[in-house]
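In the two complexes that follow, subunit A is the common piece, with subunit B as its partner first and subunit C second.
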Partner chain A sequence: MMELVCPAGTPAALRAAVDAGAHAVYCGFADETNARNFPGLNFSRDEMAEGIAHAHARGAKVLVAINTFPRAGDQQIWHRAVNDAAGAGADAVILADIGLLAHAAERHPGLRLHLSVQAAAANPDAINLYAGAFGVRRVVLPRVLTVAEIAAINREVEVETEVFVFGGLCVMAEGRCSLSSYATGLSPNMNGVCSPASHVAYADTGAGPEARLGGFLIHRTPRGAPVPYPTLCKGCFRSGDQTGHIFEDPVSLDATQLIPALQKAGVRALKIEGRQRSRAYVAQVVRTFRAAVEAAERGAPMPEGLLSKLTEGQAATTGAYAKTWR
Partner chain B sequence: MSSLPLPPAGPLNLVLTRLMARIAARHPAILRRLGPYAGARVLIDVIDAPALLLMEPALRRLTLHRRGRAPMADAGVRGRLSAFLAMLHGTEDGDALFFSGDLEISGDTAAVLALRNALDDAELDLTEEIAAAGGPAGTP
Partner chain C sequence: MDLTVGPNAFFWTAEAVRDFYRGLAEAPVARVVIGEWVCSKRLAFWQDEIPGAIETLQAAGKEVALTTLALITLKRERRQTADLAAMGLPVEVNDLSALPHIPEGTPFWVGPMVNVYNEGTLDWLARRGATRICLPPELPLASIARLARAGAEAGVAVEVWGHGRAPLAISGRCYHARLHDRAKDSCQFVCAEDPDGRDVDTLDGTPFLTVNGVQTLGRAVTTVAGQIDDLRAAGVAALRLSPQTGGFPAVTRAYAAALAGDPADLPATLARLMPDAQFADGFVAGRPGADRLAMRGPG
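Showing the complex of A and B:
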């Protein structure tokens, strides 16, 4: 069966994911070492150890995301995170930075390494480099590939591949995107925050809510319409005499129907986005996808449209997996 | 519910603050998770209730305020009572309630986010907390 890799931003969400049938849970420490460094979220060292013990007792794995890029001179913060994850019994660490991969491979040779989507390794040459140089065992593929491209990659690599099947849809070259930095000075790559809440301001204009990021107007939503996240890549902008979503519509990924095709393409694991979401989201999405993965294993049809309420824009897309680009 | 007369705020505020102190004592991780946002004053506007609630986590204080006489706050959350209870009890996702417009945010977004995440992790059962705060052992 394909492995279902599920998000947890808090210990409560980790327990919810395990109870709902997650094969593996990914989570991070409460600092800048992971790409969901949001207020009130993530794990202390003690919580991580307890979470791993809880998951292991129920047959689930825990993968610790340490997937931001260390600041020069402050590498010890990231080194300590790898060391502490290994000490807590993590089943793998999810890394993006080449220097950190080298450090982990040298200092923790028994620790399984996964390559984060933040490394944006989107072709066999890049993936084989990470596998050969650092012993990476699994690569999380960027959300910009078609199913056919994923199948082609899997034919040319030895390592496992993991793909996103649900949740927030990053459409940029992940780990390289500077949109958030441009607007706020903070990025998912270095600080673990895309469109940080500290720089978001909502106001009700009377006609409906409007959102600003770092002072930039991102969107003005008509009253009653679904409200998106205030990210630049999903913003509504004016260009010439046209107004619209220049980069991507505010929708979420839902690749449920593509699970059989992804399985056939040789994908080993399916990832659910949403460490910033609640335990209610985690429980519902994980339960639904566990049923879908089991159905795929039996060759049964995929369940349909159960999660639209939880998606950004309350609308879903299959993203690049079956995408016609503008 | 909004048509009901507002009971005297003084005694109610004592009960609410006692409840807040009790929750803070039983769930210390809430304040730890709030970190620098524990000092934020968050105004909760339950639109189908007759009054506003001001939550001050660092002071372990929860107080009622009349509509039209809203106190100063760093952030605000607005929605129906059912939305707040569903989020608090882990049956509805806060972001999904935000997407659908059932919850609206104003002011310090990071403070609201921190509070939402801290409360979600606490897995509160409000009935249990009220019973605990009201019983003989109802001191923090």
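Showing the complex of A and C:
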């Protein structure tokens, strides 16, 4: 059966995910070492140890994301995170930075390394580079590939691949995007945040309710309509005589129907985005996807539309998995 | 400190490419990186200009390197990358998947689309053969200084993004095609209509971003014109100037004059050379990249 890798932004969400049937959960320390460095999220060292014990007692794995790019002069913060994850009994660490991968491979030779989506390894040459140089065992593929391309990659690599099937959707190649720091000074790579809430302002002007990021107008909606969160690449802009969602509509990813195709493509693990989500959300999504991977294993059809209420703005996409998205 | 001209990000006609590199032969720059780094579909239209451009630039005493694509996914693109490495010039790696094609021990350069944020990564690349690294544009001065020191110790020249619309993101999706209600595979090369990229404004009319096929850049011209003394003190080896239409040789001369003498006049000179441009210099200052601090140009 394909492994279901589920988000845990808090110890409560970790327990909810494990109890709902997650094969593995991923989580991070409460600092800038992980790419969901949001206020009120993530794990202290003690909470991480307790979370790992809870998961292991129920046969689930814990993968610790240390997937921002260490700041020059402060690499020891990231080195300590790898060391502490290994010490707490993490089943793997999820890394993106070459320097950090080299450090982990040298200092923690027994620790299983996964390559974060933030490394955006998008072809077999890149994947084999990380596998050969650092002993990476699994690669989370960037959301720029079609199912056919994923199948082709799996024919050329030895390591496991993991893909996103549900939740927030990066439109850009992950880990290679500075849109957020252009507008706010804070970026996924350096600070573990994208379009951070600290730089969001909502207002209701004469022209209608609006949401700004770093002072730039990202959404303006008709009166009475909800204003989406101003994630930069999902914003509404003007170019020439056109107005609209130049990069992507405010949609989220739902690849439920593609699970059998992904299984056939040789994908080892399915990942659900959403470490910032509530434990109730996590439990519901995990239960649904556990049923889906079990159905895929039996060759049964995928459940339909169960999660539509949980997708952002009620609209879902299969993203880059379908070639026409490009 | 000297000057590197980066690869052209935009889709220009073969004739425009030819004229650009002819004009660059006389420009006061030490080195030029040439090649397609945004979209492999464009290459067939102008690749025949590359050998002549290399010859012209080398005859003018410039060091020349060949860039890889910034996002390599297709089999054809992987083959092109392997071919680049066999051409006998330094390769500038803008996607790490190019590395396996470069034999161990062969020197190579690293471009701004590779994530070099810390000493550990710089050291690993140096051991693998990197001799020159252009840092990601979003890095603040404190990181640049650390990396320039690490580079000096490891024998790596460290460059920063000096002038031009900053590359902010690369995608599987073509935004130019999307703006024309087409998919990438049937794009009909509409990005050729915008030789400096297509402007994207906010709904209240603030200039914001630029789309260039699968690439997104800042709308403002990022420049370190007001930060040259800081970068020199930090040990930065070169400034990277990114090609644009209109008066680029004059822009290179302005930077060269600033490096040779007093950089204080450079912001005003640039504002005069590019009267319609909006400038930004927030990244090096550790601020939002779109911010304008030392630069006092119009717009």
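Throughout what follows, the second predicted complex is superposed on the first by the 313 of 326 C-alpha atoms of A that agree within 3 Å, B and C clash if a C-alpha of one lies under 4 Å from a C-alpha of the other, contacts with A are read in each partner's own complex, and residues count from 1 in each chain.
The rule is short, and it goes like this: a residue touches a chain if its C-beta (ideal position, glycine included) is under 8 Å from a C-beta of that chain, and two chains touch if they have at least 3 such contacts.
Quantities reported herein were computed from a predicted structural model and do not represent experimental measurements.
Engineer: Judging by the criteria at the top, classify the pair subunit B and subunit C on subunit A as clash or fit.
Structural biologist: fit
Engineer: Once the shared chain is lined up, is A:71 touching subunit B (first), subunit C (second), both, or neither of them?
Structural biologist: After superposition on chain A, A:71 lies in contact with subunit C alone.
Engineer: With the two structures laid over each other on chain A, which partner does A:277 touch: subunit B (first), subunit C (second), both, or neither?
Structural biologist: Touch status of A:277: first partner only.
Engineer: According to the stated criteria, A:144 is in contact with first (subunit B), second (subunit C), both, or neither; which is it?
Structural biologist: second
Engineer: Which of the two partners, first being subunit B and second being subunit C, lies in contact with A:255: first, second, both, or neither?
Structural biologist: In the superposition, A:255 touches no partner, neither subunit B nor subunit C.
Engineer: Looking at A:104 after the superposition, I want to know if it touches subunit B, subunit C, both of them or none. Which is it: first, second, both, neither?
Structural biologist: neither
Engineer: Tell me which of subunit B and subunit C touches more residues of subunit A.
Structural biologist: When the residues of subunit A touched by each partner are counted, C comes out ahead.
Engineer: Given the superposition on chain A, what is the angle at the CA centre of subunit A with arms to the CA centres of subunit B and subunit C, as a multiple of 10 degrees?
Structural biologist: Given the fit on chain A C-alpha atoms, the answer is 120 degrees.
Engineer: Tell me which partner A:22 touches in the superposition: subunit B (first), subunit C (second), both or neither.
Structural biologist: neither
Engineer: Could you tell me if A:10 is touching subunit B, subunit C, both of them or neither one (first, second, both, neither)?
Structural biologist: The answer is first: A:10 touches subunit B but not subunit C.
Engineer: Give me, in Å and rounded to a whole number, the least C-alpha distance separating subunit B from subunit C in the superposition.
Structural biologist: Closest C-alpha pair between subunit B and subunit C: 18 Å.
Engineer: Mind sorting out which residues of subunit A both subunit B and subunit C touch, each in its own complex?
Structural biologist: Residues common to the subunit A contacts of subunit C and of subunit B do not exist here, since the sets are disjoint.
Engineer: Enumerate the contact residues on subunit C facing subunit A in the complex.
Structural biologist: 70-73, 75, 77-78, 81, 95-101, 113, 115, 117-125, 136-138, 142-143, 146-147, 150, 166, 168-175, 177-179, 183-185, 198-206, 208-209, 211, 216, 218, 282-283, 286-291
Engineer: Using the touch definition from the top, list the residues of subunit A that touch subunit B in their complex.
Structural biologist: 9-13, 16, 38-41, 44, 196-198, 200-204, 209, 223-228, 276-281, 283-284, 309-314
Engineer: Where on subunit B does subunit A make contact in their complex?
Structural biologist: For subunit B paired with subunit A, touching residues are 32-35, 37, 86-87, 90-96, 98-101, 104-106, 109-118, 120-123.
Engineer: Which residues of subunit A touch subunit C once you look at their complex with the stated criterion?
Structural biologist: 69-73, 75, 96-100, 102-103, 119-126, 128-129, 143-145, 149, 152, 171-173, 175-179, 181-185, 187, 189-190, 214, 216-218, 220, 233, 236-240, 242-243, 246-248, 320, 323-326
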